[in-house]
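The next part holds the structures, each set out as C-alpha cells.
Across the two complexes that follow, chain A remains constant while its partner is chain B and subsequently chain C.
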Partner chain A sequence: MAAELMLPEMGLEPMGGGTAREIQFREALREAMSEEMRKDDRIFLMGEEVAQYNGAYKISQGMLDEFGPKRIIDSPISENGFAGLAVGAAMYGLRPIIEFMSWSFSLVAADQILNNVPKMLYMSGGQWGCPVVFRGNDGAGGQLGSTHSWCVEGLYSNVPGVKIAIPSNPYDAKGMLKTSIRDDDPVFFLESERMLGDKAHVPEREYTIPFGKAALRRQGDDCTVVSFGRPVNFCMDAADELKKEGINIDVLDMRTIRPLDIDSILDSVKKTGRIVVVDQCWPFASVASEVVTQVCERGFDYLDHQPLRVNTEDVPTPYAKNLEALYLPHKGKIMSAVKASLGRL
Partner chain B sequence: MTSVANSPVNMSLTPTKTTAAQPSKRTGPRASDSLPPSTLVRWLRDMFLIREFENRTAQAYQQAKIGGFCHLYTGQEATAVGTIAALNPDDPIVTAYRDHGHALARGMDPGACMAEMFGKATGCAKGKGGSMHMFDKPNWLFGGHGIVGAQTPLGTGLAFAAKYEVEVMKRGVDGGPAKKKVSLAYLGDGALNQGALHEAMNLAGLYGIPVIYIVENNGYSMGTSIDRGTTMSEDLRKKADAYGIRGEIIDGLDVIDLYDAFKPVVDWCRENQKPAFVDLKTYRYLGHSMSDPQKYRTKEEVDQYKAKDSIDRLAAHLMEDRKGADGKPVLTEQQFMDIQTEVKATVKAALDFAEASPIPDESELYTDVFVNPQPNLSPTCEYTHGAKNPLL
Partner chain C sequence: MPRKSVYKAEIEHVQVMDENGVIDAAQSRNTLSDEEILELFKFMQQCRQLDEIAFKLQRSGRMGTYPQNKGQEAAAIGTAYAAKKGQDFLVPCYRENAALFMHGLPMHYVLLHWMGDERGNQIPEGVQQLPLCIPIGTQMLHATGIAWAFKMRKEPKVALTYFGDGATSEGDFHEAMNFASVYQVPLVFICQNNQWAISVPRESQMRSKTVAQKALAYDMPTYQVDGNDLLAVYKIAKECVDRARSGGGPSFIEAVTYRLADHTTADDARRYRDPKEVDMWLGRDPLIRLRKYLETKDLWDETKQKAHEEKCKAIVAEVVKTAEGIEKPSFDDIFDYTFAALNPELERQKKTARTSSLGQDPTQVGLAEQPQHV
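Our next item is the complex of A and B:
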C-alpha cells in the first residue's frame, strides 16, 4: 500500500480539493462529530463538560444547542463509570463517542478500556463488538507536569482489539474521526491540546480518511523519518531545515498506529536505507520500538545504518519550561538523528 | 427423606425426596398469585437443573475436563431463577463470573454452557470465554464478567441504551419498535467495594437509568465476610440511598417470596424508568471457586442454610401447600421425581455433547478480534496478513 502523497508543493488539492477554507483542529473535530450525528441518531457524545460548558477545550461548542441534552451528555468525573456505560450502550447497539478531557485521566478507566473494550468481541465468541470512539487530549506540552502529560499510545497499542488513530493536522482530524465513528470496532482517537488551535485547509465536501494508510509529507532519498501525531510537524520542520543543508528526507505520517502502514515504511526504507522513528512516548517498549522491530524483521537487508529512535526522554514529564522542552522530541533532536544515520554527525 | 440440599456431588440417577419447608408467612395479594402452577413447577425444574448442572460441573472440573477459574452457583439458584422470571425475555442482563445459573435460567442450552467450559467450538462463545464469560446474544445475556464490579457500568449502559431507544431514536436499534426496558446488573457482595459500582450507581441515579443492581449477597467475598469488607452491611440500602436510588432487601432463598418482592421493583423501574438496588440475601454452599478450604466459616453455618434450601422449600410448597382447583397439591411426588429424572438426563446429555464436541479450529485463534479487520493491525496475526505466524 503506497503512502498518500501530501507534499507542500502539491498545494491544497490533495488535501481534498474544493474552495480553500481554513478551520481550527477543534472545529474539524466538531464538524466530524456533528455531521455524523446528523446522519445517525445512534451516536451520542458523553464526557466531562462537553455539554453546558461547551467542552473543556471548546471542541463540542454549540453541539448541545443543536442536539440537545439527551445526545450531548455532561458526565460527572467518573471515567471508569462512563467508559463502562459506553461499553454497555455499544454492545446494545448504540454508537457512543466518549470524550476524555485528557487521555491522562483514562488511566482510572483502564479496566474498562483495556480489559473490556478490546476483548468483548473475542470472549463473546464474536457475538458483541464494542463500537465506541474514545477521544481526547494526548501528549505533553504546556507544562502540565508528570500526571497530566501522558502519551497513552505506547501503553495502549500493546493491546490487540482496538484501532488507534492519531492525526497530525485538522484535515486528517476530520477525515479520521469520521472513519473512527463509522468503524464497527473500538477506536482510541488521540488529539493534542497543543494543536487544537492549529488552522489548515479543510474542504467543505464530505470525505473520510482510510485507516492504515500513511501520508508522505516530505520527500527525499537520504533517510526515512517516521512519526505520528503532533511530532510529525516537528519532523516537517526538521526536513525543511535539513533541505537547506542538502539533506532530503521522506517524512511519513502514519496517521494510525493500529493498523500500522508498515508497507509504506518499508517502501521508503528500501529507497533510503535509513530510518529514524520519532515518537512522543517513552522509548522502552514504545511504538517506535515496534516500528524498528518490524523494519528489522521485514526489511533488515535494506538497512545501511541501524535504526534510530527519537522519543521523549526516559523520565517522568518535568514541569519547568526548559526541562519540558529538553524532554520532548523536537526539531533539533530529529535533525541530529537523521545526520547520525547518515554518518554526518 | 433425603433433601436435594444434602445430595452428594456425586449424584446417582436415583431421584431424591425433599424435607418439608417452613410455611410462608406472607399475607395479602402477591405477584405470584396470578402465575399458573406450571410456572412454579418450571422454576422448580430450572433450579434443580442449575443444581444438577453445577454438581456435574464440579465432577468434570475434578476430572480436569474444565480448566481455569470456575465458580459454582450451588445454593443461590433461587436468585437467578426468581429475578429472571420477573423480566421480559428481551430485557438485557449482565452478571459476574459466577454465571452458569444466570445463563441456564435465561434459557441457554446446557450443552452450549458445558461445552464452553470444556473449551469446545460448540460453546456459547466458541470456547473463547470459559466458565467466567458466558455470553448469549439470543437470550439477552451480555456476559459473565471476570473483573469484580466491572459489569456494573455495562449493565448501566445497557439500560441507558434501551432508554435512549425510547426517548431519542423512537425505535429499536434493530429497527423494531422501542419499548420500555429494564436491565439487571448482578454483582456479588464483594463488588460493593469496587469504585466501578459506585460510579455506575451515581450515573444511574443522576441520569435516571432503568438498571437494577442486584447484590447476590451470599455473605462472603472469597474468605472475607461481608461485615469485614463493607460498611453498613446490616442495611445495604443506605448505599443506594447515597445515590438517590430506591433500595430493597429481599430474601433470596424462597423463590416465591423473592419473586413477590422483586416483580414490583421491576415493574416500578420499567414504568418510571428509574434505577433500583436490591440486597438479595442468599448463600453459597460450596467454596468460592474449586480450590477453597473454607476455613472462614463453620459446617454448622452451611448446614443451617441447607436446612432452608430453596429447592426443597419450593418442592414442599408445591407438593403440600399449594393446591389446584381440584383441591389437590399442584405437584405429586411422582411428578417431582420425573422432573429430576428429566433434568439428570438433560445434564448428562450436555456433558456428552461437550465431550463429543470438537475443539476450536486453530484458525479461530485469529477470529473475533475485530469486526472489521484490515491489513497491518498486527505484526503477527492471520487476521491481518492472511497467513499464520510462520513460527507457530
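Our next item is the complex of A and C:
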C-alpha cells in the first residue's frame, strides 16, 4: 500500500470547518503528554530540569503547575539512575515518560536503555514489558559540539525490541507522541531542538498517528527521496528547487525508523527507478545503509541507478558554525544526489 | 556485645579569612604570605575581567553560549596555586578557568573554545591539563586514569579534578572515587559546590548535608572549606596535594561557593532564585574580603585599584583581539583530526565532501566535478 499524500502546507488533515490552529512543535509535544496524563494517572514525566525549569527546551512548560511534583519530577543528574528507575516503575505497572535533556546524555544510561529495556519482555517469556517513552533532543545543528550533537537513531536502531519515532513537524509530533505513550512497548522518541519553534496546523480534536506508516510530502516520478526527522524539511526544500528545474521527486517521510515502512519505499522506487536516502547520522552502518540494503534486496530490478545516500560527513560533529553547516545534510547536497541519480550532473 | 559502633566520622569546615578580611589566628599557619595574597588578588581580578567580557561577547553575538565563573575564582585559584605548574595535572569541567590560566593556558583559548573553535582545546606544549569537559562527570574518571599513570610510572605528580555539586549524582563520580581510593592514586577531587545545578538547588540534588561526606564512603580524607576564602582553599588543597605526592592517596575537597551569575548565558536564574540569596552571596564575593584585608595591611588602596582595573581591561582587550584575529577553522580540520592519520575513505570525502556515501566513489556518479557546497 502506497504512502498517503500528506503535504504539511495543506494542513495534513481536512480541517472540518474548524479554524486552523497553529502551534509550535514544543507545544504539540506538551499537549500530547498533558492530554494523555489527564486520562491516565499511571503516567509521569521525569528528567533533568523538567519541573521547576519547565524543561531545558521549555517543552514541559506549565506541567508542574497542572500535575504537581509527584507526576512532573526533577531528577538529580543521574541519567543511568532515572532510566533504570523507569524500567522498574514500568515493570510494576506505571507508564513513565523519561526526558533526556539531550539524547547525547542517554549514552550514560546505555546499559539500562539498550541492555535492559529492549530485552526485558523477551527474557521474561513475555511477562515483564517495559512501556517507557524515552524522549528528548536529538541531532546536531545548534552548535553544541561533538559530545552534545548525537543522532542516536543510527546507533540505537540496530537493537531489536524498541520502537523509534522521529517526527518532522508539529502535527506528527503530537500524534506520534500519543501513540508512543499508549504503546505497550518501549519507544525512543527523537525530537530536534532545531525544530521546537516550528509552527504548523495541529487540530484540536483527538488524533493519533500509527507507527510504521510513511507520509508522502512531495510527489513526482523522477526520483524517490527517503528521509526522517528534521532533514525531511531539507528534502522538501530540495524538491521545490528541483521542480523549478523540471525535476519532480517523491519525498517520503518515514516517521518511524522502527518499524520501517519499506513497502511504501518500494512502491515509490517501482515508479521512479531511483532512490536517494537522506539521513542526519553518520553513513557507516546507518539507517540509510539499512534502507539501501533492503531496497537492493527486495527491489533491485526496479532500479535504474545505484542507490545514493546523503549523510553527515563521517567525522565527529564539528563545533564551529561554518564547519557544522558543511558537515550536515542540506538542500544543496540533496539536490546534487538527486541529479547524480538522474545522470544530470 | 551484640551492637557496637564500627565507624564514626566528622566533617570539618575550614575558614581562614572571614567575609570582613579578618584572619583567624589559629588557622593562619601554612597558608599564603601577604605578597602571595596580593599577587593572587590581582590575578583574580584579571580572571574576573575576562569572565565579564566573555559574557558581553556572547550578548553581542561574538561568542556562543558561555558559563560564567563569577564568584568561584577563589576555589579555582586556591587549589591550582597549591599544585605545581608544569608538573601537576588539572582535569577541569567548565567553571574553573582561573585554575587553567594559572597553570599556563593562554586566556584566549577559553574564548576560542566558546566561540566554537576546537583549537581552543589544543592545550599548548608543556601545559599540564585536559581541555574543558562538558558531559557532566566523565572527566573525574579520566583524572583517576591520569593519576594512576603517575603512580605506575613513579612520577612525583598529582592530578586535580574539578566538578560541580550536581556532578556528584552521576555514577561516574562514584566510580572515580572508588577507583581512586582502591588504587590509592595521587588525586585531589575538588567539588565546587556552588549551590545550584542549573535550576536544581543542592537540597533537591542530594539529601546529604555536606558533599564532603560522600568521600567518607571511600575512606578518603575529606574537607569542607569556605570556597570563597582563598586562604582556606589553599591551605587545605596544599595539605591534600602534598599528601598525594608523598604516596598518601586521594583526598576530597568540598569548596562551598556560589554561582553569582546565570548557569550559562542561555539561562535566566532570576526565574528560580531568590534575589535575597544572591545578595547575601554577593557580600561573600572572594574579591571583597581580599581587598579589605590588603587595605588594612596598607598594601592596597583606591588608586592602586583603579590602576589595576585599567591594566586588566587592557590585558583582556588584547586577549579578545587575539581570539577574534584567528582565522576561521578550515573544513579540512574535520577530516584531518578524526584519526591519527587520514585514511583513504576520509581522504576521498575530504576531496568531494558532498554526498558522503561511504564506500561509494563519488567520481563514479559524476560528483567529483561538482563545485563544493561551501
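Keep in mind that, in the parts below, the second predicted complex is superposed on the first by the 333 of 345 C-alpha atoms of A that agree within 3 Å, B and C clash if a C-alpha of one lies under 4 Å from a C-alpha of the other, contacts with A are read in each partner's own complex, and residues count from 1 in each chain.
Convention: a residue touches a chain if its C-beta (ideal position, glycine included) is under 8 Å from a C-beta of that chain, and two chains touch if they have at least 3 such contacts.
It should be emphasised that the depicted structure is a prediction, and the values quoted were computed from it without experimental measurement.
Contact with chain C, but none with chain B, is seen for A:Leu308 once the two complexes are overlaid on the shared chain.
When the two complexes are overlaid on their common chain A, residue A:Val159 makes contact with neither chain B nor chain C. In the superposition on chain A, contact of A:Pro76 is made with both chain B and chain C. Shared-chain residue A:Lys321: touches chain C; no touch with chain B. In the superposition on chain A, contact is made by A:Gln112 with chain B only, not with chain C.
Of the two partner chains placed around the shared chain by superposition, chain B is the only one that A:Phe211 touches, whereas chain C remains out of contact.
In the superposed pair of complexes, A:Glu290 makes contact with chain B only, with no contact to chain C. Taken together, the two structures place residues 76, 78, 80-81 of chain A in contact with chain B in one case and with chain C in the other.
Of all the residues in chain B, the ones that touch chain A in their complex are 92, 94, 123-129, 133, 135-137, 142-143, 145, 147, 150, 152-162, 164, 167-169, 172-174, 183, 195-196, 198-200, 202-203, 206-207, 367-372, 374-379, 381, 384. On the chain A side of its complex with chain C, the touching residues are 48-49, 52-53, 56, 74, 76-81, 104-105, 108, 143, 145, 147-148, 283-284, 306, 308-316, 318-324, 326-327, 330, 332-333, 336-337, 340-341, 343, 345. Chain C meets chain A in the complex at residues 64, 115-118, 134-137, 166-167, 169-172, 197-200, 204-206, 271-272, 328-329, 331, 333-335, 338, 345-346, 349, 353-358, 360, 365-367, 369-370, 373-374.
Note for the complex: chain A touches chain B at residues 1, 41-42, 44, 70-71, 73, 75-76, 78, 80-94, 111-112, 115-116, 120-129, 131, 160-161, 163, 183-185, 211-212, 258-263, 290, 293-294, 297.
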